[in-house]
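Pasting the structures here.
Each of the next two complexes has chain A plus one more chain, namely chain B in the first and chain C in the second.
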Partner chain A sequence: MKVELEADKCVASGQCVVAAMEVFDQDDDGIAVLLAERPGAEHLDSVREAVAVCPAAAIRLVEK
Partner chain B sequence: MNRAVVVGACAAGLAAAETLRREGYDGTLTLIGDEPHPPYDRPPLSKQLLASDWEADRLVLRAADDIAALDLDLRLGTAATGLDLAGRVVRLADGSRVPYDGLIVATGVRARRLPGGGGHVLRTLSDALALRERLGPGRHLVVVGAGFLGAEAAAVAWRLGARVTLLEPAPVPLAHAVGEEVGRMLSRAHLDRGVELRTGVTVTEVGDRAVRLADGEVVEADEVLVAVGSLPNTEWLADSGLAVGDGVVCDAYLEAAEGVYAAGDVARWHNPLFGTAMRVEHRTNAAEQGMAAARNLLRPEGRKPFAPVPYFWSDQYDMKVQAYGFLRGHDEVAVVEGDLAERRFVAAYRTGARVTGALAVGMPPKVIRLWRRSIASRASWDEVAGHRVT
Partner chain C sequence: MAHPLAGAVPEAPDAVPEFPMPRAARCPFDPPPELKELQERGPLTKVRLWDGSEPWLVTRYAEQRALLGDPRVSADTDTPGYPTKASPGGGEGKLSFIMMDDPEHARLRRMVTAPFAIKKVEALRPTVQRIADDLIDELLAGPRPVDLVEAFALPIPSLVICELLGVPYADHDFFQDNTKTMVHRDATPEQRGAASREVAGYLSRLLSERLARPQGDLLSGIAGRITAGEIDHRQATEMALLLLIAGHETTANMIALGTLALLRNPGQLALLRDTGDPKLVASAVEELLRYLHITHLGRRRAVTEDIEIGGQVLRAGEGVIMVNEIANRDPAVFPDPDRLDLTRDARRHVAFGFGVHQCLGQPLARMELQVVYGTLYRRIPTLKLACAPEDVRFKHDAFIYGVHELPVSW
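Right after this comes the complex of A and B.
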């Protein structure tokens, strides 16, 4: 699975971290950072959740 | 279920449609929206788009191929005009009738206007583009209403070099939502920049170049923005038999009638986490609620109550305001971390014996997330806030 994050769209909501803690974190300003660009398949559901809840549409699942 | 229909094609409607597909629904999926655009994002309308930092193409919520992959019967530019609950049919403005087995209502809200009907409002992409064209150095913008939306627009207009006057009926803007102290602190951001803030003034009539106040005074302007709240888009449901009262009335599962669910700004539902009915106009709620409504519609046997901690943010000047929980109607506010005067703080909100809300400015994300957790776990006020008050 490959995840893309457009950090300049991020509004620092932290919703992705709540949804998928192993895949996303936030820097000191709250901007999301990817902990893993190619997380394991066990994270598929939580990454999908993050894509869906991100209020800035900043996360994309580019391949499964 | 073979025919699912979603009315309203923005954040909530899109999330509902995506969730239906993701959870394995492979029947007909009709998405109906009265705006001509594919689903787009509203929060940037009063921020990056108004400031010309972004152009409209950045607001699309999904790439065209992601939308295509949903295999939708997509009816954009078409309003739903009626609902026949017994016959399970949605009527459209073009005269067509769309039968459904399951329906999700996600028609959002629209901007309220004031008598006179003039001025701009800021709800849609075309609203934002029309206003932005008229802002610039030396222009005088009068903003009616100093809530979050009015404050954001004022901040952007100021940055663009416009002269800005905010007119607000309450003595302290936003006090009913965030409390007086926090409201006063947010107001200071306007005053510091020379944005004129007149409180305790009621606007009785709005024209395109002037507004009239209750005492008869006329305030002239180059442009007027009316930012006085919103009205749920429920007219098309009148006489349908659905309960409507400041939004579509739903239970804790987001169900409004058998096979009919609602989500997003238009939905008023019972949130069991707070034990109260609420309707929230927040971007993250729209997506989460759209997802929850879709899941409950698809699997009624395993349905779950929708019990989120609402989340909201707002960008004003150099401040990012973030709020978790349900602040309205709180009994007490306390600054529990940082310092209001430094514009780096967390304010906690008590309702009854529980901490029910937190509002933060300029604090690290980990701190804010801890407060979210306290609210989600129904922590008692004494446990988490009482002893930290300085």
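Right after this comes the complex of A and C.
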């Protein structure tokens, strides 16, 4: 699985961190950062949830 | 996949319906029946507002999210076509970035995102727990019945935002009294305006103090932006005022209305009262956000370029209203949507809006509500309504839906 994050779109809602704590974090300004670009398959559901709840369409799942 | 409501009601309405519509007297937790009918008819329809204008009303979840995430809609109240909320007697001042578009919106919003990061909000949890416990101690030591709105629901967000902004403890009473007047039903528009100016003046003075002697709080952070030449003092004050106002009545009404909804659904209340599982409490918060939806007048936007959506073309210069409450009851997304079920997965609700304006304070609001719902019913297990259910007065006409007061006993 490969995840892409467009940080310049991020509005610091924190939703991805709540959905997938192991994959996303926030920097000092609350802007999302990727902890793992290729997280393990066990995180697929939570990454999907993060994609769905991100209000700014900043996260993409490019490969399963 | 076809929408489950597709073709349910084929006829189009003859006349353009008035918005907002009244709720059914006996269903204070449900959206107005007419709104549900419109949702069944289709994703978009025209409505008429108090001033005679006829913006689009977006009734379904998918179309609401698409439009709220579309850069061709504007949140600026000055954009032609913006559906104005002001009704007789109500004014609508501009309030910092909530009423601006990108890139200026993003520039200003990013100045204050830091304290709302999940981990920073988590660090505040013990403080919020202490605030809630202290207020409950006072409740338990005081007279019965008591108005839960006045004694608990309003002080919580007020004290929390004081903590976050960095309002000194000694000024809490001044701050609370004035913020109460700003949202109080019996206050005249003049009194509200005066209270709002008092608070703005106070925040402005506090900003000056932080300019001279910065501390670790949010006001110092905002003051730092003045020093850096990124905003002026007036913009900084507006931003502080927005942060104060946006989280105040919203959170308070979620506490009071949520408590009433739970008292009316004792089985669901028991789930919360008897659990020690933070996951269930978190799930309950999402479900109550979905179910109650208190910002019932809708997200409002103006179209700046033609947009094709839901079989319609929205023209530049037209208004759009997205009532998130009705999207949160869309059966395509939430099966059996009118049932309150604290164990369902409600995380995709749009109670905080969607798109770039999605609530900045949501991590804080979630944490406050988790603390409150996870504590109040556990500490007062016999909590009950102290008036007849039909005597509870709902804020049908207010910007934020809720109850005027909630007399409780135990």
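Quick note on the criterion: the second predicted complex is superposed on the first by the 64 of 64 C-alpha atoms of A that agree within 3 Å, B and C clash if a C-alpha of one lies under 4 Å from a C-alpha of the other, contacts with A are read in each partner's own complex, and residues count from 1 in each chain.
Keep this in mind: contacts are C-beta pairs under 8 Å (C-beta built on N, C-alpha and C of every residue); 3 or more make two chains touch, one makes a residue touch a chain.
Please read all numbers here as calculations on a predicted model, not as lab measurements.
By the document's definition of touching, neither partner reaches A:G40: not chain B, not chain C. Judged by the touch definition given at the top, the superposed model places A:R48 against chain B, while chain C stays out of reach.
In the superposition on chain A, A:V17 makes contact with both chain B and chain C. Annotation: chain A residues 11-15, 17-18, 26, 28, 30, 52-53, 55-57 touch chain B in one complex and chain C in the other. On the chain C side of its complex with chain A, the touching residues are 68-69, 106, 109-110, 113-114, 116-121, 347-348, 352-356, 358-360, 362-363. Across the complex, chain C is touched by residues 11-15, 17-19, 26, 28-31, 49, 52-53, 55-57 of chain A. For chain B in complex with chain A, the residues that touch the partner chain are 15, 18-19, 22, 41, 43, 58, 60-63, 283-284, 287-288, 291, 311, 313, 315, 320, 322, 364-366, 368-369, 372.
Chain A makes touch with chain B in their complex at residues 9, 11-15, 17-18, 26, 28, 30, 48, 52-57, 60.
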